[in-house]
Amino acid sequence: MATIKSPLDEAAQKAAGTALQGALVDLVDLSLLAKQAHWNLTGRNFKVVHEHLDEVVDLARQSMDEVAERAIAIGVNPDGRARTVADRSELPQLEAGYLADDKVVAAVTDLLAQIIGRFRERIAATDEPDPVSQDLLIGITAELEKQHWMFQAQT
Amino acid sequence: MATIKSPLDEAAQKAAGTALQGALVDLVDLSLLAKQAHWNLTGRNFKVVHEHLDEVVDLARQSMDEVAERAIAIGVNPDGRARTVADRSELPQLEAGYLADDKVVAAVTDLLAQIIGRFRERIAATDEPDPVSQDLLIGITAELEKQHWMFQAQT
Amino acid sequence: MATIKSPLDEAAQKAAGTALQGALVDLVDLSLLAKQAHWNLTGRNFKVVHEHLDEVVDLARQSMDEVAERAIAIGVNPDGRARTVADRSELPQLEAGYLADDKVVAAVTDLLAQIIGRFRERIAATDEPDPVSQDLLIGITAELEKQHWMFQAQT
Amino acid sequence: MATIKSPLDEAAQKAAGTALQGALVDLVDLSLLAKQAHWNLTGRNFKVVHEHLDEVVDLARQSMDEVAERAIAIGVNPDGRARTVADRSELPQLEAGYLADDKVVAAVTDLLAQIIGRFRERIAATDEPDPVSQDLLIGITAELEKQHWMFQAQT
Amino acid sequence: MATIKSPLDEAAQKAAGTALQGALVDLVDLSLLAKQAHWNLTGRNFKVVHEHLDEVVDLARQSMDEVAERAIAIGVNPDGRARTVADRSELPQLEAGYLADDKVVAAVTDLLAQIIGRFRERIAATDEPDPVSQDLLIGITAELEKQHWMFQAQT
Amino acid sequence: MATIKSPLDEAAQKAAGTALQGALVDLVDLSLLAKQAHWNLTGRNFKVVHEHLDEVVDLARQSMDEVAERAIAIGVNPDGRARTVADRSELPQLEAGYLADDKVVAAVTDLLAQIIGRFRERIAATDEPDPVSQDLLIGITAELEKQHWMFQAQT
Amino acid sequence: MATIKSPLDEAAQKAAGTALQGALVDLVDLSLLAKQAHWNLTGRNFKVVHEHLDEVVDLARQSMDEVAERAIAIGVNPDGRARTVADRSELPQLEAGYLADDKVVAAVTDLLAQIIGRFRERIAATDEPDPVSQDLLIGITAELEKQHWMFQAQT
Amino acid sequence: MATIKSPLDEAAQKAAGTALQGALVDLVDLSLLAKQAHWNLTGRNFKVVHEHLDEVVDLARQSMDEVAERAIAIGVNPDGRARTVADRSELPQLEAGYLADDKVVAAVTDLLAQIIGRFRERIAATDEPDPVSQDLLIGITAELEKQHWMFQAQT
Amino acid sequence: MATIKSPLDEAAQKAAGTALQGALVDLVDLSLLAKQAHWNLTGRNFKVVHEHLDEVVDLARQSMDEVAERAIAIGVNPDGRARTVADRSELPQLEAGYLADDKVVAAVTDLLAQIIGRFRERIAATDEPDPVSQDLLIGITAELEKQHWMFQAQT
Amino acid sequence: MATIKSPLDEAAQKAAGTALQGALVDLVDLSLLAKQAHWNLTGRNFKVVHEHLDEVVDLARQSMDEVAERAIAIGVNPDGRARTVADRSELPQLEAGYLADDKVVAAVTDLLAQIIGRFRERIAATDEPDPVSQDLLIGITAELEKQHWMFQAQT
Amino acid sequence: MATIKSPLDEAAQKAAGTALQGALVDLVDLSLLAKQAHWNLTGRNFKVVHEHLDEVVDLARQSMDEVAERAIAIGVNPDGRARTVADRSELPQLEAGYLADDKVVAAVTDLLAQIIGRFRERIAATDEPDPVSQDLLIGITAELEKQHWMFQAQT
Amino acid sequence: MATIKSPLDEAAQKAAGTALQGALVDLVDLSLLAKQAHWNLTGRNFKVVHEHLDEVVDLARQSMDEVAERAIAIGVNPDGRARTVADRSELPQLEAGYLADDKVVAAVTDLLAQIIGRFRERIAATDEPDPVSQDLLIGITAELEKQHWMFQAQT
């Protein structure tokens, strides 16, 4: 069976691969948590927050695909299965049941802040080994920080 | 905090809610497994199967949203979090690492067959309690069976 | 002058026709009340509720057309004139003048709940006589219940 | 509760408001009557007239929205509820049941002629008090007269 | 060679398959007859009827594809070849040569009435064995009955 | 009843009409055969060939319409009814039931080659009598030969 | 001042130029006459014929531009000024004032027949000197003959 | 034969009709002259002026249609035939043959200035009799003056 | 260097020019202030107000372009440079730093009210000298008053 | 009132904030100056340069929005008010009144060259503190340098 | 390995193949030369000529694809590799470095004239052997001659 | 004649220019080789690989344009003529004649791997001299590596 021959040497491949797999877990879990809030939301600002959360879902889904395809392009197998995400994600989880809009805004702000912190570490970690992966991570971070600002501004 | 008052009586709500929550777990897991295969695929038919899997992802994502929003519309809180999906899904899981195209086609055919079996039970279970939910499940089943045929035809 | 020959026998035609004409009155009045609120709205959530109400108007207008064209297709003349709607509608009416956003959200939730109750009766009443009309009513009910959830979630 | 502070003085506001509310009643009733004919039509020219009537519906709906939003923008509450329209509309009403195409063409020509007559009075009445409202009424009259010509040309 | 494993048991598969194959023959023949009339039409209403017939062609072609793909999805081979259609179709055939517009309108009304009669039997026949196929047949019947009304209204 | 007065003299009309009617039978049958294969296909290349066949269907349907409308424009009644096609078509027919992808590719290549042969004769036959019809036939032949190459290249 | 150097020799340029300039006069006049009828039309079929005439206007305008740009591309100055068209056009003119729909249909059929006759002569006249201009004239003739058929079919 | 009953009294109709018919002749001739220049243009700025002239053609064609349809809507028959335009137009005519870009820019500036002068008189003349026609003429004048500025700025 | 020759006499040009230049300063400053608030906004209604402000920016930018191009079309040089706007604008300025959503809504309501007051004076001032400029100012005022209502309704 | 918590430490935030605020002033002033030239332009190349300047306006407006939203995302309040831009911009200003096309081309080339010089300093200044802001500035610089080349090439 | 079986006999295939391969070399080289000029252009008319050249590139790329696919469709292998084009092209080459706009216009006019000359020979050469290839070459020649006129008109 | 003044100093300009010119040769040759394979391809996977190659052509053409325009923007003349590409390209060339699909997949994988290796060197070489050019090269490398993975995965 074909395996993908990396354009990177082994050390660079490993460093970039670790950063990308970590990003993938963050983004898959973000997409599921934002959908969970999208569905179970209540409160005066329901309509706006309900729709705003779908922007986060779109960002997370688009980014997870880019990150995973970048991983395989450098010969690293991405893993985005439910079990992997459930076991490895460090994100604080939402409760089951109804979720009040102001609590959701605060929780998403916090989720994004934690993810951003890890993305900034990944940007630093890929600078030497793979500027192409780094450029992708920078682009996603810009979008995450934009959403972070917009959720924060509503608190 | 607001809770959603159901247009159904309690028994009907419970029956329909059980069917919808079960469908949600199937569909979230299907979306993650199809993406996993989309990324780690290899083989002569890579390009076709790679793109075909994204049709399944789109179907699963679109359907999970309809199913979860139907659940909350009848006053039942949907749960699509990673931990819930990992613990409750009965779908056979894909291995980590590279996945050969013919094995993926066989695996997706099998995944779809299992999901379809459960959807047909849910169609029966919602017939009396809630024809609106049933109609949604019938529509999704039609699409799942269409994909089931198309994957099967390639084996 | 041509009259439309029904694909249904007389009893079925009458049962389905009654359900469809009732639905038509509900939907025309809903479209006018939602516009009334859309125009006279005030309050902190003006912009969101103002736009949300137009989704209800679109749903009501689209559905009234499908319902009326279904009626004539089975040889029953639909009646959606202002006088007919004013006399036969059982919907609680909005006051003239300014309407506060939270009161509008509560009123629309209530309007939708009443309409949904009647649509569920119409679904039952058309099951035997005309599954084609029933299928249309099920589809509209799904959309009405989705809006019902979303208005309710804001209260 | 907020009330809208008008950019017009009281007399101008009243004059413009009267013109706009009158226009609203005409346009809502026109939209309902054109739909009534759209649904119950028969005759050799069914298809053409059926579609032509929907152009009138679109014009009436688009215009009623502009007229009502103009009213509220100058601090006058528009009233487009079914009861108001049924009681205040001076338009000749269509019969219930099937409507022959040539009679519909004649009736719509007549409806439009009556509405146009009142719109021309409203254009005159708003010239001094509010040229902005007048400009809106002129624009709608141009469209109404275009439809009037086209229906008339078929008779 | 692969054969499609049905999600239905044998009896259900046979019942649904019979209904779908019958529908396929009706729809292929309808598409060819409507085109035949589209091309050979004459008369004062040529332009309108010429274009109206293409709406029927589009409906027939779209529906035949859905019906045939539904058949294969439940493991039944659809047969839409010219010989099969010519031999099995029960639809009254149009004459060769020029066709007057009023006769075409009457003939298409009749064609649709016959097809609708058989579709309603197929809806009944699939209720138990396969609600997914039934739902498809209901949807197509709704469209056929809409066209039936519109052609009939012109007579 | 109106008959179409040809811009051609009688001999030219007859020659061009024969060529166009022959083309029509070829194209209607091609559209039905390509759909038959589209539905009953199996094999490793199912997805690609399934979609490729719909390009042939689109080409055949678009071309048959142009050919038939060209015929009537020169005063010749086109005949595309099922019986006519079944009786006059010289194309080799596909078997009922499942069709393996490689056999379909070979069969379509052969179908196209036969049709192309006849179209080239029709191009020659219309050169003198009607260069307008000839130009249409040349354009369709170019598309048929492009598909012929692409199917052949897969064998 | 630049003059365009023709890709044709002088005799060929003259022959092709004469054909193109003649076509230009026909097409400009056709566009003005079809608009004249579009505006002054009356009768039961007003709406259909009114819109059909705009198809002729579009065809005439599109074709006149292609014909004139082809003329200048071979170094021949096209002349489409009002005076030129008024003086050189051989087309029968419409009366001023209202025009009944059936008379318009007959008149446009006749206009098109005359233009087609001259276009067929131009096709013959450009065969040797310039197959590129000929190909353009053939394409426009096809469209003119299609319109000729459709107007004729309504008589 | 139907004649259009005007919403204006006779004097107003005559005044507005005169203004609109005058505008029609100006606009038809402008459209033909701008096309004449579009085709026969030469010079360093060929490409820009060639395309700019088509903006004038589009404006003239769009405006002539609005003006003529406004005329008929008030019961006045518009006349835009070649002979009428050739005889009544007061616009300075372009020479036959090649036209240098700078001379075209100057000529179009002049054409527009003359038309604008007459449109301003028509705006004054319709103020009392028909504010609806006046509003149309004002709108066209705004566009003509915008083109006048842009051509002038290039000189 | 070319200067634009006005279609207006000197006095009319001056009156219209003064109105248009005043409008330009108002609109440029409005566009900058609305962007300033768009960026520095905070509060529970952040998302809605943030997006609503961009509607104001679009309106201001679109209108400033129309106003400035109208000025130059009548031979008056518009001046929209930063220094000019800073020195001549009479609009109350926003503070630097974060801006609370309810204060922004109040401030924009006030900004719009002041601009509307001046636009109504400009409508009066251009009535005689230039109805074309007046018509443009009326159109912009209608949009400004619509936004004024919508911001006011949220307070 | 909410303040945005930066993902950067204080020193990095200050360095990035200074670069972004400087960029904002450059871009707002560029947008206003390019519009000023767009409106007051004259000369043989008016049309091309007029449209080219709007590309610069679009670039400046799009970029100012990205720069300001990036600033607030890192907790720095952007300031784009007219007074701020007038006082802090270092760009050479255009004269009031008509502007000749060749002088505009030279002036815009110069404006862009100065802005580019400062953007390259900002790229260097953000390299360490914030690669996300740097990436944004690099992207804008690429576009500014592309416009710089294209204006320069015309001189 | 599959080889494409030609619908032409050997002599016809060879004649058509020679014409198409020659056309391919001309068109590939034209696409590269037009891009070379597009990039290295300078002069007052930079913007217009820069964009005009991309129209030529689009035409050359579109046409080369049609020509090459036509060649393979008749069983002749097209060769568009850099070495082949460099060795066989007879087109005069552009110098390296900056290219003045007027020289580019003259050079492209000349390039097009040479290509057109050869295309006219190819039209003649394919008349007998393959009217389908001839029709393609005629269509491309029409476009090349249109560009030839437009470049020439600017000199 | 104008020459472009670079925003870079001479050494930086030279380093960046060398990288960009090298990239240009790679990309032009890639575009021609991918088209060569697109046309001459055969084999079971013809359709998929045929279309996949056009994605590579689009990427190469889009990227070559960006690279060449970046070169000229920093004052370096790009050279993409056939002779230059033929002489300087280091890419392994495809044979003339038919090309089997599996060999094409292998060859394109190899071509991309070689180009990627050189692009990574160019990314390193432009890091200091010009981060703007580097950012462009990084973006293109990401796309090339994505295609490299996808072709490799099929082997």
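We just call them A, B, C, D, E, F, G, H, I, J, K and L in the order they show up, numbering each chain from 1.
Convention: a residue touches a chain if its C-beta (ideal position, glycine included) is under 8 Å from a C-beta of that chain, and two chains touch if they have at least 3 such contacts.
The shown structure was predicted, so the numbers you read here are calculated from the model rather than taken from an experiment.
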item	value
Recurring contact interface, reference F-G, options B-C, B-L or I-J [over half identical by residue number]	B-C
Subunit C on subunit L, rotation in degrees - Cα superposition, rounded to nearest 5	180
Copy pair subunit I, subunit J: interface residue numbering same or different (half cut)	same
Approximate Å spacing (C-alpha centroids) for the pair subunit E, subunit L	53
Separation of subunit D from subunit L, taking each centre as the mean of its C-alpha atoms, in whole Å	62
Between subunit C and subunit I, centroid-to-centroid distance (C-alpha), Å	42
For subunit H, residues that touch 2 or more chains besides their own	2, 4, 42-43, 45, 48, 69, 72, 135, 153-154
Touching chain combinations (by label order)	A-B, A-C, A-I, A-J, A-L, B-C, B-E, B-F, B-L, C-D, C-E, C-I, D-E, D-G, D-H, D-I, E-F, E-G, F-G, F-K, F-L, G-H, G-K, H-I, H-J, H-K, I-J, J-K, J-L, K-L
Partner subunit B, residues of subunit C touching it in the complex	113, 116-117, 120, 123, 135, 138-139, 141-142, 145-146, 148-149, 152-155
Subunit C-touching residues of subunit B, taken from the complex the two chains share	2, 4-5, 7, 69-70, 72-74, 131-132, 135-136
Residue numbers on subunit I that touch subunit J, as the complex places them	1-4, 28-29, 32-33, 35-36, 39-40, 42-43, 61, 64-65, 68-69, 71-72, 77-83, 85-87, 89, 93-94, 96-98, 100
Interfacial residue positions of subunit A with respect to subunit I in the complex	45, 48-49, 52, 102, 150, 153-154
Residues of subunit H that touch subunit K when the two form their complex	41-48, 50
